[in-house]
Amino acid sequence: MNGFYKDYIISALKEDISSEDLSTNAVVAKETAGTVDLICKEDGIICGLDVFNETFLLLDPDYEFISECKDGDFVTKGQKIGTCKGKIRALLSGERTALNYLQRMSGIATNTRKMADVLKDSHVRLLDTRKTTPNNRIFEKYATRIGGAGNHRYNLSDGIMLKDNHIDAAGSITKAVAQVRQYMRVVQKIEVECESLEMVQECLDNGVDIIMLDNMDNKTIMDACKLIGKKALIEVSGNINSARLEELKDYPIDFISSGALTYSGVALDLSLKNMVIL
Amino acid sequence: MNGFYKDYIISALKEDISSEDLSTNAVVAKETAGTVDLICKEDGIICGLDVFNETFLLLDPDYEFISECKDGDFVTKGQKIGTCKGKIRALLSGERTALNYLQRMSGIATNTRKMADVLKDSHVRLLDTRKTTPNNRIFEKYATRIGGAGNHRYNLSDGIMLKDNHIDAAGSITKAVAQVRQYMRVVQKIEVECESLEMVQECLDNGVDIIMLDNMDNKTIMDACKLIGKKALIEVSGNINSARLEELKDYPIDFISSGALTYSGVALDLSLKNMVIL
Amino acid sequence: MNGFYKDYIISALKEDISSEDLSTNAVVAKETAGTVDLICKEDGIICGLDVFNETFLLLDPDYEFISECKDGDFVTKGQKIGTCKGKIRALLSGERTALNYLQRMSGIATNTRKMADVLKDSHVRLLDTRKTTPNNRIFEKYATRIGGAGNHRYNLSDGIMLKDNHIDAAGSITKAVAQVRQYMRVVQKIEVECESLEMVQECLDNGVDIIMLDNMDNKTIMDACKLIGKKALIEVSGNINSARLEELKDYPIDFISSGALTYSGVALDLSLKNMVIL
Amino acid sequence: MNGFYKDYIISALKEDISSEDLSTNAVVAKETAGTVDLICKEDGIICGLDVFNETFLLLDPDYEFISECKDGDFVTKGQKIGTCKGKIRALLSGERTALNYLQRMSGIATNTRKMADVLKDSHVRLLDTRKTTPNNRIFEKYATRIGGAGNHRYNLSDGIMLKDNHIDAAGSITKAVAQVRQYMRVVQKIEVECESLEMVQECLDNGVDIIMLDNMDNKTIMDACKLIGKKALIEVSGNINSARLEELKDYPIDFISSGALTYSGVALDLSLKNMVIL
Amino acid sequence: MNGFYKDYIISALKEDISSEDLSTNAVVAKETAGTVDLICKEDGIICGLDVFNETFLLLDPDYEFISECKDGDFVTKGQKIGTCKGKIRALLSGERTALNYLQRMSGIATNTRKMADVLKDSHVRLLDTRKTTPNNRIFEKYATRIGGAGNHRYNLSDGIMLKDNHIDAAGSITKAVAQVRQYMRVVQKIEVECESLEMVQECLDNGVDIIMLDNMDNKTIMDACKLIGKKALIEVSGNINSARLEELKDYPIDFISSGALTYSGVALDLSLKNMVIL
Amino acid sequence: MNGFYKDYIISALKEDISSEDLSTNAVVAKETAGTVDLICKEDGIICGLDVFNETFLLLDPDYEFISECKDGDFVTKGQKIGTCKGKIRALLSGERTALNYLQRMSGIATNTRKMADVLKDSHVRLLDTRKTTPNNRIFEKYATRIGGAGNHRYNLSDGIMLKDNHIDAAGSITKAVAQVRQYMRVVQKIEVECESLEMVQECLDNGVDIIMLDNMDNKTIMDACKLIGKKALIEVSGNINSARLEELKDYPIDFISSGALTYSGVALDLSLKNMVIL
């Protein structure tokens, strides 16, 4: 994750500080500095430390985070993850926003790790989707990767996915693929969502790169795999949970994607404690 | 909810369409119009229809939503919530962003309704917190209200809350309250987070408006209530779930606040189906 | 004052420098540095030094202000308030914007101090209003506080004020208060603008927190005070000037608010003189 | 005034509505429409009606203003200037921002008209300056023109003005003028601020277009005028008030500029009254 | 082209109208409407009519363009392309910005068409690059497509291209491809820039999707083609002009990319003439 | 060039990095630093080094450019212009944007220098126009000045130019000039575009400052010059190329303006080579 994600954090800080942090500014002098500890209150995977720190840096350019943890580490209840050092005003005013990011990202990474672990010894790769929280995709797709998943397309501009409605609008898979091949960037693959073996066959006839088997039962998936062989990459999608991953992990497929990685993440419990004024 | 929330939706659309929706633009002509149905795939409370519709309106000013549902309605699996009518390009390009908002807001409203129902016959009011997803607070605090909760402060600028760190920085509750009273806007109440009966007593001595009993056991809460009587409003906070609400619902307290309303919401399953080209 | 007020200054600098400062760039080399003195040309209260300095800092990160003055100090005609040190281009290009802020903020602080001094020995507190210059509220409300007033609500989102039109729309004070109590954040007080003793009584019956006596004569104000006693805070508003403050200063009221603090402020005369090139 | 001034109004509305207008939204339904009258409470020149109306239009695209007044009209105490018709929510939420613009702009126009009237039968033209309120220049310079003044340069990018510091940096008027002539856009005039007859002479030797006589007494001004003749335009500046305008109105000068037009304007008293719900 | 390109046009209009269009506003009343013809002064391909029209629509929502031309049409010297109808102020103030877009986009389309025509009967496809004018990529990549080229990747986020520096940083093609395969989105192809047959072989060993033959002579290109066969797509790049296209058009390659399509485009000569006031 | 041009570069970087630079981030560690050389591949005038460097600085605040070149220097094929030193990620991710600016600006400066050299010993000054690439004017007008031209007006707000349509709208030159004189800022000159000697005469009668002779043949230009004498500045415009400059260079005119300076510029060939990892 790099690029210009800082803009989202600034916007989040303004959401929380529309004029000023009255409670803090009333009682803490501008120059007072200190430290506070980041404490883990629940086992999980820590994720989002750069975002957490950037939040404070935007309020205090001299802020520092002293820690040996890094994104992806397994952290345990009671563990001190690190120490935040800077102006007390920045530490207090940025606390909620910084934790809101860190807790959600860690929750998604933790959740993803559990799912990814089922596929640990499999050739199949777990993928995320675009079912992310608005204005948080850069953070949530980073978190799924830290959790062990791969990234499916980022957005509508960087990947081609033809769904039933696209196919209906074009008239057939054949026509839709021909049109998109002219229109798209040549560095992109073409993926088509299929609901039947007939659709799969039409994809193969048109040189589609990735075939998504959408909401199929295991038997149909296996039939599709036989049809496809090595002629296209295969993605399975629809109602994925750990049990289903277990069933599918030895199938001759390439990817299993799951929206649940990002839409059902529960925030990991973290807090700032032990403030010391220097 | 009103004001300028549209800016967030524009930002979310740009997140999903950084240059253009290649799949859609390749296969659908600019002027083609049609309809698609919004289908409920899980029981719950629907919430966020204005946001859902605004997303499409930003892409097609002639878009219309035909529906008899409104925010707060209980919807059931298989129910058609309404029909979206507009340019096919807008319907396809806006689908994911519109659903990402609607599913999350409905998930939070559904979750909140379950908790709020425990307090249905109680004088105690359930409140949300600032533990919301960055850049989604306006939507999430609206959803908790639709679910039946009240709104605690929106952000650091519209409410005073003195926590342990503020008190430490000022030297005592007495000093912190005196300083904040000068600094704050006179239309705001002063709330102080208390961890002991001694702190509660010092709040009472200083005319604090709301006393938050933070992470106290039931016995200490009751002792604090006796001390406070009608001299301040009482908020209970910390590890709130349905069982705890049941225990506390007849206590002489005013509010119970729960971060879980917004940080553990699972998205309600909704989808757009049955596209018809007109 | 903190938070993100810098955005307003950037916008103001762009207002004054739409492409570039032609006069300055033509005659001063990019790296030339120097100093210039901030001189007071009229007695008053200085206010806005952080904003003044931030303006130059946005143009030259190495800019420094050498001064022993601080906001709220009384300054006198001819006094050197401080010395600005930095790139000459920044000093010349930022001069007008920096002074436009500093002069207006100092004018408001000076004006407010005169009014606040009338209430020096009174228990009554002078308050500002929302009658501020568009896009300058953060600066003007800071200036009234430096001048000795308290801040009334910052905006429509952080305080509740029910006026005649709200009451008409709801049907009665009773109904309006009931509706707003559900809708508002629980950390806010409810204020109602009253034009008669009947309205005052209805407010008391509904537990209103602050009663504003709007444009009442002194006798009616006193009658209202008797009715209210300690049951609500009392704010007096309408045509407030120093003479009126003198009359009201011993009344059993809590606040007197005056729009004139911010809409009639005359800029304090200040200028930059004695440029020295280093 | 045209161009993109709407951005400033949007920013001002967000300043006043950081999340939402709680008082209004609690008691007025979204679709309720009505009217309210714009009433003049003080004699003056009305100015800023487009800005006033744009504020409401941004909140309600169907808003209308029914009036026969136009900017520049003299309005009198008690006069109904027009009727605003639209959604009640828009009328209530936009009221303060709309009036904050209209009252300030009308105050400046009124103030300017008084000064301009002194020069009514004179060949000398009254000019404004850049001493405007940050982020309000487009509105304030429009108001001075409606009041009868001319506009001096808008900002540092559209006019050349060499002051003492520029001249010092360049070494002499001769050098500064030579440098700026290369650097500037050829459609701009060159103006130089002069504090002595020697400076005036050097300007003439270099073909300066406008000579500003800064803070000179009347005798020196007259001497300078004789020196200059028709060889340059002449602007007089410094401590201008009505009495001074009277003294100077028959001098052979072209312009008199006054910062007081914009920095000492008192808002004209206007209000919205007689709300009717339709 | 769709999505949010309007933001760039707004920014371009503000670049040309920093406060207001003084010449126009001085002499044309706000409500005056009329028409003006868009005249072609040079043979070429017209491209950018939507952008041209959007520019005027942003200044006048009732603006209309009456024309039978569409993007991609061949237009000839003297031809009336269409008639613009709207407020005269919008037509005059938007003219330069609208033409600046239309002339450049048409220039690029015209230029591209000449190159693409060389490949008319070839299986090889002409591609553009990222060598576009800053903040004009969306327009320029649209123009190359209208001219008959295909689009290479849009930016650094939607396509993978490993150049020599990436390979050096990773240590080898093998390592770089392995790393990028984990990091990238699975819907993207991997392209590697090769300068030798050894590099080509290493690409083949690692399953690279597209091999770019960079600045190779024709003989080496042919050797590379033989090595690659159908195992990867082949792109040729470096010093491409019409003569070179002619030489390469029967080679067993897939794409030829040329930066010159966008960096050497001369604007097509177009103008607005025959204004009629209605 | 100064002011706030950085905003355009940020926007250009976001255009190229909508989420992140996948190729680079996959293979280069965040902290890896190094150098790369800026190499000239074609003779010309270098222009835009500050913009080039600012692009990298926005990605790496510790970036440095080691060079003895400055804008306006003549550079030759094969020359090393300088060395860029910083984080490898910044060097790779910013390369294309930085070069897109530098190559275009240098192309314009090179092109302008050739034209300006024709007028080297002439009293006539070459001027640019507003025919610049949208959102690149600040850069392109800087480049024409570095190339040896003068700047005509920057935009519609900083210069007055009355064209045929303005004159038609007003009724006559006389009326248009009278109206604009009231409306414009007094520091601006009035320029009128003339197509006949009658128009020239009417301009003279109205004290117009600059007369533009638009698309006239040499004989008519000379007649116009005689008519005008020293009573106004004279600008010649329309189909200007080097041959025409040669013909006109001894005419008694002041300026010759040419849109071709900015709309036909071919990018100068430059590249980054010899990356070294430190």
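For the reader, a short list of remarks on this structure follows.
As written, the chain order gives the labels A, B, C, D, E and F, with residue 1 at the start of each chain.
Keep this in mind: a residue touches a chain if its C-beta (ideal position, glycine included) is under 8 Å from a C-beta of that chain, and two chains touch if they have at least 3 such contacts.
Because the structure is a prediction, the values reported are computed rather than measured.
Listed by label, the chains touching subunit B and subunit D alike are A, C, E, F.
The interface holding more C-beta pairs in contact, when E-F is weighed against B-E, is E-F. The distance from the centre of subunit B to the centre of subunit F, with each centre set as the mean of the Cα atoms, comes to 52 Å. Subunit A and subunit B have centres, each the mean of its CA atoms, that are 22 Å apart. Shared contact sites, meaning residues of subunit C that touch two or more other chains, fall at 3, 17-21, 25, 93, 138, 154-155, 157-158, 160-161, 182-185, 188. If each chain is drawn as a node and touching chains are joined, the picture has every node linked to every other. Chain contact summary for the complex, subunit B toward subunit C: residues 3, 125, 127, 145, 150-154, 157-161, 182-189, 191, 210, 233, 255. The residues of subunit A lying in touch with subunit B in their complex are 8-9, 11-12, 15-28, 32, 36, 88, 92-93, 96-97, 99-101, 103-104, 107, 130-138, 155-158, 160-170, 175-176, 179-180, 182-185, 188, 263-264, 266-267, 275, 277. Residues 18-19 of subunit C are the ones that touch subunit E when the two sit in their complex. Contact residues of subunit E toward subunit D in the complex are 10, 13-14, 17-21, 25, 30, 89, 93.
On the subunit A side of its complex with subunit F, the touching residues are 1-4, 138, 154-155, 157-158.
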